[in-house]
Amino acid sequence: MSSHETRIRVRYAETDQMGVVYYSNYLVCMEVGRVEYCKARGFRYRDMELEDGVFLAVAEANCRYSYPARFDEEIIIRTWVEAASTRMVVFRYEMRLAENGRKVATGETKHVFLGRDMKPCRLPDKYKPNFGIR
Amino acid sequence: MSSHETRIRVRYAETDQMGVVYYSNYLVCMEVGRVEYCKARGFRYRDMELEDGVFLAVAEANCRYSYPARFDEEIIIRTWVEAASTRMVVFRYEMRLAENGRKVATGETKHVFLGRDMKPCRLPDKYKPNFGIR
Amino acid sequence: MSSHETRIRVRYAETDQMGVVYYSNYLVCMEVGRVEYCKARGFRYRDMELEDGVFLAVAEANCRYSYPARFDEEIIIRTWVEAASTRMVVFRYEMRLAENGRKVATGETKHVFLGRDMKPCRLPDKYKPNFGIR
Amino acid sequence: MSSHETRIRVRYAETDQMGVVYYSNYLVCMEVGRVEYCKARGFRYRDMELEDGVFLAVAEANCRYSYPARFDEEIIIRTWVEAASTRMVVFRYEMRLAENGRKVATGETKHVFLGRDMKPCRLPDKYKPNFGIR
């Protein structure tokens, strides 16, 4: 499946005293990429939680930092599904400065599907196409 | 009722590119002061939510910034109840640097009690003494 | 001077276990409103810091919470300058849900101008029109 | 070199609407573990930045999530140096609930040393013993 791009602008709140985006905030960027990816694939993550009681619990996350983003810079987050089954999904992310295309960071998050009881569950059939599962 | 003191140490994550604690993080300090105040008064805010379904929804917050706190400095948060009824409670906070007593900020938060339906409710009788209500 | 409107979408990261936006995050919304207000008035807050060494230090902030915003909701932040002199500026903010116009919160921040030495300074003449100062 | 343990208590601010600690906040836990590790080894990260102009820029971070931590739970963060040279250092972290020892998460961060010019530099000799470098 193809990737999806979304943009965010770095907030002052997200910088630290080194004058750059604090390292944990790139995981928040990834969340934004993930949520917007879902919308572009035709469903809202919010509804999946509310209506179907399916939660995407993070099992693993990693980030490689290439170049520091700074306050008020715009970041383009490219997101795609690297792997998916009815049990779990792996998202990948590439973050670049909008101004010059410079790579800021790349990352990956692995999620398992949980039901309302916070135990692992199978992804309902209706969501399979959204994650490219046959 | 008397006040309660608790201490936190400024995290790198809480600084911004000005080299000081970002302004919204003082509201998180106040949360820590509030939670520890409750413990010192004999109950856990966590249990009030879980066991009795009573939530403290913030209706108003304000903060006056006197002097910037910096990374790795220890802050002493003094917390007290300024006013309370069965409908609402007002907390006040004074934050000082542990090293030299310099005042960093003062603040106030006003909360209303909500039930599990997220509608205003009366504080259960058993909690009245904790907030100094007769 | 007229107000400026900007929009943000609530992130999962900004919610808390009550299922709504955590109270300190509205101060981050205000920052976004403030930064975009400045751009709409013809200057970048980033450049004011970098090129002219003028910083907007927060002296006071307050927020009144009317209705809880939730994950993935869009918030319209209306920002305006309530008062300004060569020493300080007061911004006001009104935050509403984009979907139905419901008021979420209102707030105010008071700032003093600081120089690179982190001491109070006068706003350089060239910025006066941006804040509506004659 | 041996590991160091430090403790933090989960803040309401750190939870999300799933009722557990939001995933990026474990990277903040790691920061706290790292800073306290340095103190236990005889130096303050703050002084290394201020006095010697040496910064620890994050090159890579990852986290494996085992069990969700919740509001007001105490987490024990065990931190150690997995590898170090005059160019870079790798920290590892293990986070457990204080109450029952249950493993919450494990993580790793890789850092390169930067000088005041934000370019890679060699760790000054005086810090070598602190990182176990001969």
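Think of it as A, B, C and D in the order they're written, each chain with its own count starting at 1.
The rule we apply is simple: a contact is a pair of C-beta atoms (placed from the backbone, for glycine too) under 8 Å apart; a residue touches a chain by one contact, two chains touch by 3 or more.
The shown structure was predicted, so the numbers you read here are calculated from the model rather than taken from an experiment.
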item: Most distant chain from subunit B by Cα centroid; value: A
item: Interface with more contacting C-beta pairs, comparing A-B to B-C; value: B-C
item: Inter-centroid spacing, subunit D versus subunit B (mean Cα positions, whole Å); value: 27
item: Centre-of-Cα separation between subunit B and subunit A, whole angstrom; value: 33
item: Interchain centroid distance [CA atoms averaged], subunit B/subunit C, Å; value: 23
item: Residues within subunit C bordering two or more other chains; value: 12-13, 18, 24, 28, 31, 71
item: Residue ranges of subunit C touching subunit D (in the complex, touch as defined); value: 12-13, 15-20, 22, 24, 70-71
item: Parts of subunit B lying in touch with subunit D, wherever the complex brings them together; value: 11-13, 28, 31-32, 35, 44-46, 71-72
item: Residues of subunit C defined as touching subunit B within the complex; value: 18, 23-25, 27-28, 31, 55, 57-65, 68, 109, 118
